[in-house]
Amino acid sequence: MNDLNVGGDRPRPYRGAVDCDVQITVPHRDALLPYLDEYWRDVSLQRGLQTLDTAAFPRQAPINARPDWRLPEPASVRDQLRSLQVNLLDRYGFSAAICNCLYGVQLLHSEDMGQSIARALNDWIAREWLDNEPRLRASIVVPMQNPTMAAEEIRRVATDRRFVQVLMLVMGEMPLGKRYYWPIYEAAEECGLPVGIHAGSMYRHPVTGTGWPSYYAQDYFSQASAFQTQLTSLILEGVFGAFPTLRVVLSETGVSWLPPYLWRLDKYWHGLRSETPWVKVPPSEIVRSRVRLTTQPFDTPADPAVVERLLDHIGSDEMLLFASDFPHWRFDGDDLLPAGVSPDQIAHISRANPLATYPRLAEGVVP
Amino acid sequence: MAYHVVAAIEDMPPGSRRVIEVNGRAVAVFNVEGEFYALLNRCPHQGADLCNGLLTVAVTSTEPGIYDFDPSRNVIRCPWHAWEFDVRTGKSWCEPNRVKVRSFKTEVRSGKLIEGPYVAETFPVKTDGTYVLVEA
Amino acid sequence: MNLQNLGAIDCDMHPVVPELKALVPHLPANWREAVESRGIPGFESNAYPQRAPITARPDWRDDAGAPPAGIDRYRKAVMDRWQLGHAIGNCIYGVHMVLSEDMAVALATAVNDWMAAEWLDADPRMRASIIVPWQNPERAADEIDRCAADRRFVQVLMPVMAEAPLGRRHYWPIYKAAERHGLPIGIHAGSAYRFPVTPVGWPSYYVEDYAAQSLGFQGQLGSLICEGVFSKFPNLKVVMIESGVSWFTPFLWRLTKFWRGTRSEVPWVDRPPLEIARDHIRLTAQPLDAPDDVETVGRIIDQFQSDEMLLFASDYPHWQFDNDEVVPAGLSAISIEKMAVQNPLATYPRLRETRL
Amino acid sequence: MNIALTDTADKSSARQATALVDCDIHPALRSAADLRPYLSLRWWDYLQTYGLRSRHGFAKGTPFPKIVPGAARRDAWPESGPPGSDLALMRRQHLDHHGITMGILNPLSPSGGDQNSAFSAALCSATNDWLVDAWTSQEPRLKASVLVPYEDGEAAREEIRKRAGQPDFAHVLLLSRTSEPLGKRRYWPIFEAASEAGLPVATHVFGYSGFPSTNSGWPSYYIEEGAAHPAGCQASIASMIFEGVFDRYPDLRFVVIEAGFGWLPALAWRLDRAWHRMRDEVPHVKRPPSEYIRERVWISTQPMEEAPQPQAVAQTMADIGWDRLLFASDYPHWDFDDPKFGLPPSLSAEQRDHIRFRNAHTLYGL
Amino acid sequence: MEKDIFSRLAPRWRTHIATVGMLARQGFTQEMQYPKGQPMAVRRDAFPPGGGMPGSDLDFMRAQHLDPNNVQFGVLIPLGAAQSLQNIDLSVALCTAINDWQVEEWTSREPRLRGSIVAAYQDPQAAVAEIHRLAGKRDFVQVSLLSRLPNPIGHRSFWPIYAAAAEVGLPIGVHAFGNGGWAITGGGWPSYYGEDMMSHAQTSQSALASLVLEGVFERFPTLRVALIEGGLGWLPSLRWRLDRIWERSRDELAHLPRPPSEYIRESVWLTSQPIEEPANRQHIAEVIDWIGWDRVLFASDYPHWDFDDPQRAMPLPLSRERRDRFFLKNALDLYGIPHG
């Protein structure tokens, strides 16, 4: 565990920040049993369901827990929460943190099972996390297996104002822009929630367009490519036109891929516009106004000059959302944002942008 | 500026096009269903000859899945990168009003302002009953 | 074999779209333009390469050796020759492989309109299946509603390999529309090629592709039953077309056995899959993957424990049989009549409307 | 979870003392630590850190949750460890109880299909060592499978060579859902090495190709996954025939395990028809596919087909050939076949003997 | 063009193509999965006046491209499905025919042009044999692969090809495209050609990550790889991301003693087309600063519709040295063409 002494003279530029991507983990299968209805509780036990940890985030892989944040497994909710408070919330004085729970609900093939476990998970998050720490907010986990069910779950959970976003995995069964998924966007927009797309896969397809890789490292790497293809899909399928107030947050994507990707997309749009005539403005404009990215991992070298140039290439101070990606091992020490981000940009990224992106944060977050 | 004779009208039936040289510049002239239009024969993007492009329709849409095909919205689609330009105005269908002065020079040529980076230069065309005339 | 005077009903024959140009007049303006400006050559499927032997019987091919297009050839080779009462045209042009929903909608509409104009109007005995853009089930349902007004469309056609198993709820709007109009769902060999045609990857040879089609039917039958399509749509019938037939009973033995152990997972499957299949599934009888001996064929048909399941089909122009051997050897005259007349009439209610 | 075993041992079969070969018994690791002695430090760490990585998304468990815990008979759970991990219980409950004279161990986890092929090779080798130390050397009635990293033909060949000639091993084991059809050239080194070693190659259903388990996309339910397995086996057999594997490796014998058998005649008929129409495409396939199947493919009985007309099952067996069927129990799994009650009652004593042991004795050279 | 090539095949394969065609893990016989935006994906002005397919007429190519653009050195990369056919023997036969065709119809007639050894890399032994057959000829300057097959391109089954290329000193060109039969995105099948085109950049990234992470450059330190037609803007981001993963995954990547960026910096070249076009063109220069001006190669993609015109592809004031490197010298160095 980390040194608990927070009274020293550490630089603390992040007071009041909103951490937009914090991972919480279901300690073991049985943690959700109290939240399942009788039938699914029985199924879990009688069929011997295992934990639904996904291969996208092997718990023991170094990249998935910063060494000084790593807890002995299975880590109880209490231990995880305490670590979060000590290492982040209290230490830096964050005003809020948004929890994303990446449990393999979406990987199940049965729509009904996916739905029941998603419900249990959301109730578990509300009861065991949000009730115990007023600074926490959470994303609604949805059964992507069936967009209608997912929309129902959004409407059910959204009545709890502490849920501030809808959570999807970046790799589903079909590209996320397809009309198949539109009920999800409709519900999210109706509830005033951004859709957070997070690294992760339903594993209906290999994680790359070129087949199954040998190493976890490539699986992890490929998540960044997946965001690129999904952003293309969302734009070209016309999601942003059909849902004019919808915002999309890309979480744990890496950031540095964005500018060259947009250059390419704008260029192809010029030649292929007639294929998707509902895309009426350059894709980069759509992205700048409607898409946000969380800042860890950032995927740049430590050189502040590179970061500065990259921010210039992004061309907007409004696109980035502050995130620690706790407990994943994205950075060491206290450098929550890469060197090269100016104080003014920090203010945008850590506070103004999250508050603008998540309207519900304004309710009850300590200024 | 003066009008230049391009062709006899009967030599340019509807659907035809030809390239003429006016003051050292190549100009593509199109007869679109009896209306004549002239564009600088040079795509503002990477310089392809627009006269080799496809004269077609700019499809529009009110929502995804709807393709609104109005044959009066003629565009020339560049033979290389398929960028679309309104045959009347020369404006890029994608970004008609984009003038990004920060990184692109605008320039004045033959007394005519070229609007922003992606506008194909157009020329007035008229007919006098016998000939097609382009002003340049 | 003796079909004469029965007024037999050919439940699977294939009108061939000679080339994309034939559909262009039936396309909306935008897509007409796209065919031209994008240089789209056409959507013929690799499932039946034009010159592959299976794709057309040699004596049915046209003079250039291509699969025969146009109704005249079919009339001569099959309809008049065997004095058929009706024939159901299943057009297997590659609409089902298109990735853009909108393009699929446009093409499906065009094929259906082409079918009505070129085939149904040309011979009062012709009937056809509605091609649907399964890529978007709501719009597929719209297309069913649109075409069903023409009573000569007697079935809805789906490919055996699409993007997700056909039992998934995603596809239910299609079944709802079909049931509403009293139309069976015909599932035909062919893949959208979203996945390899075998569950273990892409084969080297076309012959494997063709052989693997029957695996697709196995998966789909499992899906339709396990997802509860027949519980939800109790009046729906599904016709498995060009499936090979002999795989059917052994597959159901296995499914029924597993069901006994795993019924609790799919509690809406409230009776043995074998029984459900017997009530809801029909199979066209060409090809029949069996040896040419009477005894084995008889045994396969016995194992159905029902004489109502097979539907007579020529599978024209595919090369499934030679000469006049369109009915598998080993059937009694009564069975032939069941298969060629009574079963089709029971399966396709709309055929009864015009039957004398 | 465990249910006490009442001694209902089948005295009559014990008295008969005829042979009975069970071609499909599943041993299980008590825990991953069982492999610790056989793995290098590097791979042991790797296993701890990254776990097994099949071509699916779950870190533990499988994409379709089983219908019962561990897919096992509820009475097969030992005092500790998973079903199949306790030799004493296996002896008492299975080998002794049913009078099994020889059983072939087919481990399913780890399998040879890990995404990291070097790791997969190490795991297979370790598992094979463990099979000898913990099982075959302890119990003479048991034989093991040579587990191979089948997605890497060369590495698989090495492992087969390493085990060739060891009497502990009965066959080479693959899982059925390979990432490409099994006849493809990448797998030929396996067939070559197995032929050299005189070992049959067996494929057991399961594994993760990375493609959907049906060729029409991902199904929803475990029952569908189970029902779909034979399709993969059918595709593998078709591929081996059309790629010319059986011509190229004339000594190769192929065994299909846990896929049932009812589908095999229909497959042979279909392939014959297709081959007759399209033999120009595969001129290297000299004979009708049914002949390769008849001569070179063996098939295990479990899960036994249960048809409404029992004679249909016997007839299907006759179509396959009485000399090609192998009894398998699938112990300790839930869809286990009991050797006494599993086979159709109408079989003659001779037919029964063929299935119970004669065919296996011939195939495995006992 | 196809006829030229098919006529070089044994009768057996000609019959085969006439009968079942060329199966390539997709469903259409003529159309591609995503119908192109332009007929055959070519420039509308690239159809030779004398007939034939774009890119099939050397004189016209000279007149339209080589001469006016002052192309001093052009590398031919024949595309098409030959390399990713399901039938591997046919693939091998076709690749051989294509290679012979390149010599006879192109490189022997036009000294400015050099060919690429098109390798049937699904059969590594055959590919190696083909490399050895042709490597000594001046006609060929690289071995050409496509980015998509059922297995990621770094997979060790392909290593014999890398060994052979390293041995004969030819770079490997990995062109975007091919067809592995998997959806082009990790999240399934997209709808539009635009998405397909965008995704090629992602498959190029996957291909490069695979080459690095599987240890190809560690194993074959003299191997050089040029990534073609995937654009180039994404490379810095990819390098940064891989380095970070490598730091965190040293035990999984124990076979990589050095950070990925070093292998990439030493062994990987990128072609420019379709070059990204940021609103502020200076940004592309900054990206190339990060990549290295010695590692970028101009490519036109002639005669395809997303062709980059050499006069317009780099609309920036560049130093003479950078301009020379980008347009000529880097390529001459990479492909081993002597120059002053």
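When the chains are written out, they are named A, B, C, D and E in that same order, and each has its own residue count from 1.
Here is the rule we go by: a contact is a pair of C-beta atoms (placed from the backbone, for glycine too) under 8 Å apart; a residue touches a chain by one contact, two chains touch by 3 or more.
All figures in this text were calculated on a predicted structure; none of them were measured in a lab.
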A-C compared against C-E, more contacting pairs: C-E
Chain whose mean Cα position lies farthest from chain B: D
Length of the line joining the C-alpha centres of chain B and chain C, rounded to whole Å: 50
Centroid spacing, where centroids are CA-atom means, of chain D and chain E in whole angstrom: 43
For chain C paired with chain D, centre-to-centre distance based on mean C-alpha positions, whole Å: 36
Geometric centre distance via CA averages, chain D-chain A, whole Å: 42
Contacts with 2+ other chains: residues of chain A: 46, 61-62, 110-111, 173-174, 178-179, 201, 204, 206, 211-216, 237, 269, 271-272, 274, 276
Per-residue overlap in chain D, given as positions that touch at least 2 other chains: 49-50, 67, 117, 179-180, 210, 212, 218-221, 278, 280-281
Set of chain E residues in contact with two or more other chains: 19-20, 37-38, 88, 150-151, 182-183, 189-192, 251-252, 305-306
Complete list of chain pairs which touch one another: A-B, A-C, A-D, A-E, B-C, B-E, C-D, C-E, D-E
Contacting residues of chain D [partner chain E, same complex]: 42, 45-46, 49-50, 117, 152-153, 179-180, 185-186, 210, 278, 280-281, 283
Complex contacts: residues of chain C adjacent to chain B: 28-31, 33, 37, 101-102, 105
Touching residues (chain side chain C, partner chain D) in the complex: 52-54, 160-168, 191, 194-208, 210-212, 214-216, 218-220, 222-223, 226-227, 244, 246-247, 249-251, 253-259, 261-262, 264-266, 274, 287, 289-291, 296, 299, 302-303, 305, 319
Chain A-facing residues of chain B, complex: 45, 58-68, 77-78, 81-84, 92-95, 98, 118
Complex interface listing, chain A residues touching chain C: 43, 46, 110-111, 146, 173-174, 178-180, 274
